[in-house]
Amino acid sequence: MIYFCGPLSYNMKQSTIKRFVEHPFTQRFIIFLIILNSILIGLETSPVYMEHFGFYIDQIDKIILFIFVAEIFLKLYAYGWRFFGSAWNLFDSAVILVSVIPSIGASFTVLRALRILRTLRLLNNIPKLKIIIESLLHAIPSIGWIAVLLTIIFYIFAVIGNNLFATAHPEYFGSLTGSLFTLFQIMTLESWSSGIARPIIGEMPFASIYFVIFILIATYTTLNIFIAIVVNTMNELHRAGLNEEEEHIKKFVHSEHERLNNQIADMKSELSEIKELLKQQTAKP
Amino acid sequence: MIYFCGPLSYNMKQSTIKRFVEHPFTQRFIIFLIILNSILIGLETSPVYMEHFGFYIDQIDKIILFIFVAEIFLKLYAYGWRFFGSAWNLFDSAVILVSVIPSIGASFTVLRALRILRTLRLLNNIPKLKIIIESLLHAIPSIGWIAVLLTIIFYIFAVIGNNLFATAHPEYFGSLTGSLFTLFQIMTLESWSSGIARPIIGEMPFASIYFVIFILIATYTTLNIFIAIVVNTMNELHRAGLNEEEEHIKKFVHSEHERLNNQIADMKSELSEIKELLKQQTAKP
Amino acid sequence: MIYFCGPLSYNMKQSTIKRFVEHPFTQRFIIFLIILNSILIGLETSPVYMEHFGFYIDQIDKIILFIFVAEIFLKLYAYGWRFFGSAWNLFDSAVILVSVIPSIGASFTVLRALRILRTLRLLNNIPKLKIIIESLLHAIPSIGWIAVLLTIIFYIFAVIGNNLFATAHPEYFGSLTGSLFTLFQIMTLESWSSGIARPIIGEMPFASIYFVIFILIATYTTLNIFIAIVVNTMNELHRAGLNEEEEHIKKFVHSEHERLNNQIADMKSELSEIKELLKQQTAKP
Amino acid sequence: MIYFCGPLSYNMKQSTIKRFVEHPFTQRFIIFLIILNSILIGLETSPVYMEHFGFYIDQIDKIILFIFVAEIFLKLYAYGWRFFGSAWNLFDSAVILVSVIPSIGASFTVLRALRILRTLRLLNNIPKLKIIIESLLHAIPSIGWIAVLLTIIFYIFAVIGNNLFATAHPEYFGSLTGSLFTLFQIMTLESWSSGIARPIIGEMPFASIYFVIFILIATYTTLNIFIAIVVNTMNELHRAGLNEEEEHIKKFVHSEHERLNNQIADMKSELSEIKELLKQQTAKP
């Protein structure tokens, strides 16, 4: 680390850099740069703008990329290896890395297109979006095994579809991957009948069973992915609400009982006094 | 205000106007006029009706518009500047203003079409609809940041789509706005495969990844907008229900304890009596 | 009533008829006849069957219809005017009435098709289905005003669509009813873009705003109809659950307190005894 | 059983076999074989692979099938008739039986395609998937009667559609089964208007009523299937949560009351002592 960021380490302490990188102003400036950069990459899609301002857009793009790379190195210096402990930092670095490639090397269209992925840095840098992304990812484990089930269903129907319809309709069921794409289209219900099923059924009437069963199973399973998410989220909130209520009731009952307890304690001291009096009397003469 | 409504202020008090404007009869009459006006504007779409009754429809339309404008001015006079404090009043005025323009000036078709927006005044004037509109708007903040996320996703895919497919399919991805519209169509799953994806995949096989990933991300995110609304609404009702139950249980426990308390109080007075008796006894001989 | 069912009233009591009509066997027989009749009407759609068994099917159909009509008259006699107090009975009579018409008069295809509506009698005669229908209808009032809102939205967009696009695309927006049907199609998202929006946008680019806004508003409102039903149903069940729990806790707390109360009562009697003893002692010497 | 597995019974006990069959290693090996087999059947769809490795794939397939059949027989021997008591075992056997047929006899494409059904054995052998399948099936009874209702609706609309539109559009409503398939397509909203409804409405304008009413009823009913599942699942979890909370509160209240009870017991013994003292005193002189 020290060799890497050598020149900087002479005049700045790690903590100063850290304070600088985490300063609200720096963070807002980075957000501003991400948005500016996204807009500029958007403008590049317009030939008219590129003709007139292409040179300036390119220059600003390079400057912004330089600042992004510098930010990464500053963070690396400030946090050391802990930097790689956060999935968000890795995501950030990967996004910048991917968009450095087209800037350096040849300008292949496909690679240039990936530069827009820098916009994804917003997800990391705006806390509200970070929370939403994390809540969206949080729901995924609960649907993991339904997704495995859906994969199995797709695979089985793809193999059957390929076996039965490949000869007659190679454009839909010609290969296994082609069949999987066709089944995905059928699951979204797009042109499943007018485009795919009816021409096939015209030749093989029994094929309608294949399509109807696949749609029923696929939509029912997808529906259950949705239900799993709703029910999970509701249940968590529900349990939290119940626990809170339970605490309130317990606290209330306890405080009420304290009152009763105090009364009983009073009575007990009264009783002790009475016993004392009685004992004195008995002992007296 | 006074100069503006000058002639009226000589013979009527603000409060009288206010009472008149807020009278149930006036309000029902306004609702009747809005519905009548909506029906007449609907009839104007039929050439047969326009030929026979066009003149009368036009006249009634002008009279109703005059009454609507008069209503606004009466309200302005009655409430003064507070009139502009309500978003609903501003909405009402804007709707009437928009529909005054075509009545005065040239009869451009586009502007004439806007006159039907007067029907929107029903939303303000029928309390039940007002409640529903407010509850629909109430749910929007909870989906605000997911909408921002969706915008980012759309923007990224629009730029990538434009970069990759603009040359081959300018009708779908020719410009950034065109790409955004195409992505909106794909999100609604309309002809996404048969119309858009398959022709493109025919030339660039890897494009299927672009479409499948976009559909998975876009539908999953949209789904979560929906889930957010359901869960929020349910959670509010749920908390209300729990709080109510908590209150009931607390009240019940408290009243039960009062009974115990009374018993204990009885015992305490008994104890005092006993102590008193004992003390007398001790003091006696 | 008596004149109407005169001949019957000589040899049978109302209560006997009622017992006969409500007998499980009669009801199962009616269900059997409805299903048989439905199957026969289904068979009539096949020319092959009609050629061979057409005559028998027609005869059985007439017999079953006669039994259905007889059943109505028996019920009328048994229940008197109270018969018309139940919406289900009116529904039943209407369904039979509608299917009597084609049997008597000319055999218009349209009217003959209505005979299949007799199958709807199953909804009334199978209790489980009756419950489901009633629960489906039960949810409707909660969505009533959202439906009114949706009607207003449809009406406004139909008038605007007719004004703007009638000249260029009369097949979609030629008349007000045509526009309403097109908007219904757009709401179901069927071919909204490839079939309707894109050709129009090709001529008037700003039209895309019209379609996107309509889809956003219409689907969001429809979504809320759905949410309203889920939330209402859940809330009812939820409240029931909470009330039950509340009762259980109250009962438990009360029984526990009874135990405490008994203990306290014991103590009180002890105290009385003690007081008595003390009083005797004081009075003694 | 003994005759059937005769040779095995000489050197192995039932319990040894059972232990072997239920051993985690055996089960993981079976899962591995199912996945391997599924991949091989998938590879068979590629002519390139079949040309080069066709022979080996076929051989491995036969070996795996032999192991599967052997596993069934071992289980039959280990569990005896109880083997047939589990629906999962019957499912397993049926799946293997179906895929034995094409391996033995002629290689009809349709039958060969069924071999991929072996992949379904994963549902039985991976516990997590078993749980998901069981929870998916668990929800079905709650939607049973809505499914009956949907069948009735489909049947009625199919007969009416066949009666009205068979002559003009035999491709959609030519037969009863054809009409049912068309209605299923309309329920999924695929090309319902552009493909089916508009051409028919062009000839019979009133037909739009038929389609709109069917879509409203069918989607509303389907929606309620979905709602039934969500509400049922939520309600079960909800009741469980409430019961748990109820138990917690009861336990807490009880333990609190025990504390009060102990106090009261103390007081009681004090009172007895006092009474004793008093009695002694009274008896003394």
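Just so it is clear, A, B, C and D label the chains in written order, and each chain counts residues from 1 on its own.
The rule is short, and it goes like this: contacts are C-beta pairs under 8 Å (C-beta built on N, C-alpha and C of every residue); 3 or more make two chains touch, one makes a residue touch a chain.
On a predicted model such as this, the values are computed, not experimentally measured, just so you know.
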item	value
Label of the chain whose CA centroid is most distant from the centroid of subunit D	B
Interface numbering overlap (same over half, different under half) for subunit C and subunit D	different
Inter-copy rotation, subunit B to subunit C, in degrees (Cα atoms; steps of 5)	90
Subunit A and subunit D, separation of their C-alpha mean positions in angstrom	29
Overlap residues in subunit D, where contacts from two or more other chains coincide	189-191, 230, 234, 238, 242, 245, 249, 253, 260, 264, 267, 271, 274, 278, 281
Contact footprint of subunit C on subunit B as seen in their complex	38, 41-42, 45-46, 109-110, 112-114, 116-117, 119-120, 122-123, 128-129, 131-133, 136, 139, 181, 184-185, 188-191, 195, 226, 229-230, 233-234, 237-238, 241-242, 244-245, 248-249, 252-253, 256, 259-260, 263-264, 266-267, 270-271, 273-274, 277-278, 280-281, 284
Touch list for subunit B against partner subunit A, complex	145-146, 148-149, 152, 155-156, 159-160, 162-164, 166, 175-176, 189-194, 197, 201, 208, 212, 215, 220-221, 223-224, 227, 230-231, 234-235, 238-239, 242-243, 245-246, 249-250, 253-254, 257, 260-261, 264-265, 267-268, 271-272, 274-275, 278-279, 281-282
